[in-house]
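Chain naming follows the written order as A, B, C, D, E and F, and within any one chain the residues start at number 1.
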Amino acid sequence: MKKIEAIIKPFKLEEVKDALHDVGAEGMTVSEVKGFGRQKGHTEIYRGSEYTVDFLPKIKIELVLADSKVQEAVAAIIKAAKTGKIGDGKIFISGVEEAVRIRTEEKGENAV
Amino acid sequence: MKKLLSLFAFLAITVSALTLVRAEDPPKEAPKKADPNIEQRIADLEAYVNNGSRGADAADAKITSKVSGSGPGHNAFQMVSAALVLFMTLPGLFLFYGGLVRKKNILSVVAQCFGIAGLVTILWWAFGYSFVFGDGSSPWIGSFSKFAFLKDVDSNPNTNYSYWVSHNVFSMYQLMFAIITPALILGAIAERMKFSAVLLFVGLWMVVVYFPLAHAVWGIDGAMNGVWNPKALIKSIDFAGGTVVHMSSGWSALVLCLILGPRLGFGKQNMAPHSMTMCAIGTGMLWVGWYGFNAGSAVAADGIAANAFTTTTIAAAVASFVWAMLEYIIRGKPSILGFCSGAVAGLVVITPACGFVNTTGSVIIGVLAGLVPFLACAYLKPAFKYDDALDTFGVHAVGGTLGALLTGFLATGDVNANLSGDPAKANGLAKLVGNGLWLEQLKAMAITIVLSVVATVIIAYVVKAIVGLRPTEEDETQGLDLADHGEEGYHG
Amino acid sequence: MKKLLSLFAFLAITVSALTLVRAEDPPKEAPKKADPNIEQRIADLEAYVNNGSRGADAADAKITSKVSGSGPGHNAFQMVSAALVLFMTLPGLFLFYGGLVRKKNILSVVAQCFGIAGLVTILWWAFGYSFVFGDGSSPWIGSFSKFAFLKDVDSNPNTNYSYWVSHNVFSMYQLMFAIITPALILGAIAERMKFSAVLLFVGLWMVVVYFPLAHAVWGIDGAMNGVWNPKALIKSIDFAGGTVVHMSSGWSALVLCLILGPRLGFGKQNMAPHSMTMCAIGTGMLWVGWYGFNAGSAVAADGIAANAFTTTTIAAAVASFVWAMLEYIIRGKPSILGFCSGAVAGLVVITPACGFVNTTGSVIIGVLAGLVPFLACAYLKPAFKYDDALDTFGVHAVGGTLGALLTGFLATGDVNANLSGDPAKANGLAKLVGNGLWLEQLKAMAITIVLSVVATVIIAYVVKAIVGLRPTEEDETQGLDLADHGEEGYHG
Amino acid sequence: MKKLLSLFAFLAITVSALTLVRAEDPPKEAPKKADPNIEQRIADLEAYVNNGSRGADAADAKITSKVSGSGPGHNAFQMVSAALVLFMTLPGLFLFYGGLVRKKNILSVVAQCFGIAGLVTILWWAFGYSFVFGDGSSPWIGSFSKFAFLKDVDSNPNTNYSYWVSHNVFSMYQLMFAIITPALILGAIAERMKFSAVLLFVGLWMVVVYFPLAHAVWGIDGAMNGVWNPKALIKSIDFAGGTVVHMSSGWSALVLCLILGPRLGFGKQNMAPHSMTMCAIGTGMLWVGWYGFNAGSAVAADGIAANAFTTTTIAAAVASFVWAMLEYIIRGKPSILGFCSGAVAGLVVITPACGFVNTTGSVIIGVLAGLVPFLACAYLKPAFKYDDALDTFGVHAVGGTLGALLTGFLATGDVNANLSGDPAKANGLAKLVGNGLWLEQLKAMAITIVLSVVATVIIAYVVKAIVGLRPTEEDETQGLDLADHGEEGYHG
Amino acid sequence: MKKIEAIIKPFKLEEVKDALHDVGAEGMTVSEVKGFGRQKGHTEIYRGSEYTVDFLPKIKIELVLADSKVQEAVAAIIKAAKTGKIGDGKIFISGVEEAVRIRTEEKGENAV
Amino acid sequence: MKKIEAIIKPFKLEEVKDALHDVGAEGMTVSEVKGFGRQKGHTEIYRGSEYTVDFLPKIKIELVLADSKVQEAVAAIIKAAKTGKIGDGKIFISGVEEAVRIRTEEKGENAV
């Protein structure tokens, strides 16, 4: 099993979710994160005080899935999340040794 | 514990000092007075409508009045005004300020506002009101005992201050001013002063700065009460508190924030407002409440109140627009904080002037109120690097000072007959209006600044010696909400 | 659906019962009355200023009045007061309570407040007002039909209740009390009662508890209206609702929360307030709105209102400070919730007393209001382990009970001449003031508690039988916002 | 920058146009008038209580009055009412609307409200007030210069509009209406119109739509002022702004949102309210403030105000309940937004009617106000797929239109003697009441709709040509808070 | 060392934490996430606009621990988090190469 | 490629970000988390109800980078985040198999 972590632009979440769903990903977990990268932030001024905000709002999607489905899922994410503008985000893939579904205690690929 | 003890000691001393105050002489047996005749009764009723004095109000009156109590329209207005001024502090000011601090300190602002409300009320009841409005003592300080424990402050008007508003309502109205003034200081020292230190500082500051100053400016025999005191030493005018409220708090705030030093991480960490939305809500409430503050300062629902209402509206709206448009021009973006700051600045600057200037005057004030405090906040503060966290100095001290001065130039007898009333004629104010009044204003401003600055330095070091001013680094880093109050502003 | 049906059935039955009410007899042809003379006209105008009665108001008056309608100052004050009392519920109370619940239940509190506002208004219009203030029926219950559908409730004063305030304004003012009282109960049962059950419970509770009680205490011929009913059976006094509002809601709240049982996870899960900031905002609004509640209960902008305004301010501020300082001493940290709870407790305890006690009395009340409810919330509740979620019992029942009793000890004719007015003399109250009045108060308190407790038990089981009281475990876990209203308080 | 320049150009042109206005002719030397006698003095005092005219108010009066200024009860009420109407916009409306937008656009709503407050105040001061209430020019437009720069608008009443309220207070009261009206439009175009475009649009819209319409409906010589203008061309009535405020803003909102097009992602992305809690707070404030709006429109604290207060309360509460119960029946869950929308709809629909209908009329209005706008929002909008983001059209246009029509059917002289006053008799309104008035209402409604729609189309394209209407896609996606104002609503 | 990531129902956090503590887990890091899975979301209607909310609030617990403790910890989580109803969540296990305690710069299993 | 996950004290974020930037880390993703560890929490009392809050606010920084840069990055984080007081946090390192830049579809070390 692999874990895909995708950092995407917030307003792309719905599309990416649908795309993943279409390729058979049945579960995923998302969180609100802040990203620092090439996309530059902005400056906010509050009266005399100026603050540079380097961190931009991003969404992180985590999903664990069988090795066989990884390529398809990555392709789906790219397709849905790409705007071509800087800041579109990254996808990271790493190995997962075991998965358990708490409700049924199923293990492995059956659990994801 | 030490801090708490000293606080209670302070309260105890002040209150018990008063128990020594002996009972006043029994009221002299008043000679029997005649009933009013038809003509006099009608005149008394007309006096109600016109906010004038009854025949019986004259010092040597030989008749009584059939309407000797308070009058409904004026009393209603004053009660509502008092409620509005309370609304300015709770929740107005704590939202305006609270929105601007970081999340971890929001409750500390709230607690300080509530704490001040409680503490000042107790002081006011015990002797504060008497100290400010008890006459017959000195031009610089009121009578300590005359109205101590609000003795004799009942529902009948005290005609020194109003013909038709109940004395107790007047005293509560003025209490609301006494509460908000020290609360304004909180803006400068936000996020880094211990709760115990805030309470002790405010307690002392009220006694040393606010009570005397308010007496001098608004007490019927106050040294700087140009409008009402025929023997005023300085013929200055201050309708609703440019000197007493905004300058005193604003200059003290600067001094206190300098003594405290900047917040940990100041200039390095991002200290952006945790909720500009909340700040804007507070601004709206301050604006609405300010009608009680300014129009209410007429202490009657009369034409002067009407004028104050009008000039207040215009100055606030114009200043709000001007401040934001300056940002639009200079930075390309008008900010919400700009609109809010401008509105508050407009309200501050018009405060001493609102009952004395006409509509045109209020437009001028609005434009300058959008400009001058903007410059102070945007350029002066960064230049000098003091950490006036939420710009109490930039808005209230600069604005109050500007307002007090502009009042000297723009006041006109056309909108306020009291500027040429008997006391004003007696002390010479009547001649100064439109003609050098600003020099008198300068004197009052100087006295206010000197008193505020000197007293604040002393009090701050006294407080530092007793309970200390700042929290530990750890507490400040964690946030005062948890450190001082054991609560968090938001959960889940 | 079942729940909905029963609600509508309830509404339909009550409303249609009224359509049976036959038209009143046609008004008797009034004999032609004389115009007032100059002297009488002046006296009428003086009556306006003094909040007295016109010549034409006398039952056997032979003259008319040229000022026979409402009077501007009083009417203005009453309208503003009514608006302020509404402000206490929407948004004051839903913020005060809403801030204290968990995020997932914030909207349920809001919906319950709005739902009560709508439901009670409809009941009030249909027959509630008549049931409370329609006289001529019984000391324990008003006339069901006299003012049904607000018939004859127009802009002229009903001199039973006020000489100068429009009858319709008075009815709307009292409506706001009828709205907030059941809304107070919500604090005890927060986070775990179905919306349909809340509505049905409140509808029945109004009819069985509030309307009769309010009639008995405030109806002109009410059994416990010591001040105005010369034939009062119990000579107790309650200026703005210690029994009617706070005791009734508070004791009912305790019973209802016991019947409901504790929230799922009570004592195990962290149920900390989701926004203390919001709670503090609500507190500020409650305080400000309470001026309408207390001073407005004079039903005139007169000296009694002025006194109520003053005592309310002092009690609230003192109690807020005392509660927080007790925490400071005992726990080392004064909490924001302490300041807020103290302020509300002070307001609750002064409510029955505000128009009857003087400043000194209000200080005593403030101190006790900061102490006794604090003990109830901090020690009684944990000891008995009932889940009075937001302390309606601890603050309102305990505070209201304390206030009703203290009123008996501290009331003084000095601040309220009605305590020795004709009705008070007739029924004997005048002699009891300062002299055993507290025994009468005890009787009124006992009746209030018995009525509230017994009726609540019955109504709760009726509601349980019809629609059920609690949501499913799943719904409660998910939160009532989604379960009952399909919305979330915050997004994104 | 271009946008800014055009805005300033607009302001500069309008203001400088006025500097050309020449000074009025010097006031004619008034012939010396006699003092009032006792009888007349009493009559004047009675006039104060009754909100009637003084002897000296008659055009050909030969006597003066001893109470020639404003009257306390009325003036107090009007000042408080003005403050309440401001409270509706700041913060009421920006919370109601702001809670409904997404987090990233909350501040843009706030900024637009503040910006409008500033801009409209400046226009109002310069010429707007004169344009609306300056008489003697035409039935369709007021005098451009009569009260320009609020010249001669002082604390004395302008008896065209009120006998006892200061002219300047009246002008500020009406300013608050002029501020909230364009702010209502913001609901339809929320989240997708540039700040510069909003300001420019509003500036032009005020001049072309609001000022003429308000003059025609409320100006003493206005074409559609059935109640006060004996020569009214259309005998329609509008107590507090069904046509002037709600229809004008609502219909303009629809047109503008159609021209703008839907928000990016409309119908696809989740655009749920970022804070229903905030929306509910705003609703409570709108309701409370609306008492100033509706009852205050009597421009006196008299029986008509009392009636308006009452009908407003009932309509709001009933409509709130009905809307939510409809949802309960249809969808199984009563929503908070349903309660809020219903309350606001009830307030909108009762607005034109409140001073003209009785209690029964207000219940009918409440029921229909809960029903008709509900249908518009729940079914009409999805059917036609226009993006009226926060339902300005569904609530204000539909509600205002409904209210204007219902006023025609339900108005009754019983609650408002002015419906059969001299002007109403002269122009024929008196006969139409209860008897075909709705046809006159239809005419006024048609004129309002045509003016609003046509003018909005033209102004929108003018603004589009000068500064453009919409932000870039990137800005809209990022949110207007950062794009237009460089700030975020919440941090940390 | 292994990293356990458990997605659980929010109101189970306290119990899971206690259970983990009992089996000797001394540290953990939790975050609020939104989950998409078999458990269906809900629909919200705001006047005329209907929104389907597919993502449900969940809590993610991350803890790194020695290989030897993994089984026990997983069992503890399952025991505490299981309600038997759909949406109980998942547990994922993956390898961790190194751990460092910032304060002491301790490395490896001593650091967790 | 490796993934570094660092749990740090919130007010150290700016410093750690700058330190990482200085050693050439061009991107990172941060999230707000709650930590449970040796650092003890606090107690909050709301009238009669006492709640122990065991979880303290922390910041989690995730960054993926080439194996060669890991040591330097870890050192930089430690340097910037260390206060020497309990609760300074942890750093965990694990393997990442693949990385993709969504905008360009670049893969591997070029993508991080």
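The rule is simple: a residue touches a chain if its C-beta (ideal position, glycine included) is under 8 Å from a C-beta of that chain, and two chains touch if they have at least 3 such contacts.
Keep in mind it's a predicted model, so treat the numbers as computed, not measured.
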{"item": "Subunit E and subunit D - chains in contact with each", "value": "A, C"}
{"item": "Count of contact steps on the shortest path from subunit C to subunit F", "value": "1"}
{"item": "Pair of chains joined by more contacts [C-beta pairs], A-D or A-F", "value": "A-F"}
{"item": "Cα-centroid distance, subunit D relative to subunit F, in whole angstrom", "value": "54"}
{"item": "Whole-Å gap between the CA centroids of subunit B and subunit C", "value": "33"}
{"item": "Distance from the mean Cα position of subunit F to that of subunit B, given in whole angstrom", "value": "48"}
{"item": "Sites on subunit D at which at least two other chains make contact", "value": "38, 42, 45, 48, 71-74, 76, 80, 84, 270, 272-273, 331, 335, 337, 486-488"}
{"item": "Subunit A residues counted as touching two or more neighbouring chains", "value": "31, 44-46, 94-95"}
{"item": "Pairs of chains satisfying the touch condition", "value": "A-B, A-D, A-E, A-F, B-C, B-D, B-F, C-D, C-E, C-F, D-E, E-F"}
{"item": "In the complex, subunit A residues that touch subunit B", "value": "44-49, 51, 53"}
{"item": "Interface residues, subunit D side, partner subunit A - complex", "value": "265, 268-270, 477, 482, 486-488"}
{"item": "Subunit D-touching residues of subunit B, taken from the complex the two chains share", "value": "38-39, 42, 45-46, 48-51, 71-74, 76-77, 80, 84, 102-103, 164, 270, 272-277, 280-281, 283-285, 287-288, 291, 295, 300-307, 309-310, 313-314, 317-318, 320-322, 324-325, 328-329, 331-337, 339-340, 342-343, 358-360, 363, 415"}
{"item": "In the complex, subunit E residues that touch subunit C", "value": "11, 14, 42-46"}
{"item": "Subunit E residues touching subunit F - in the complex, by the definition given at the top", "value": "3, 17, 26-31, 64, 94-103, 105, 111-112"}
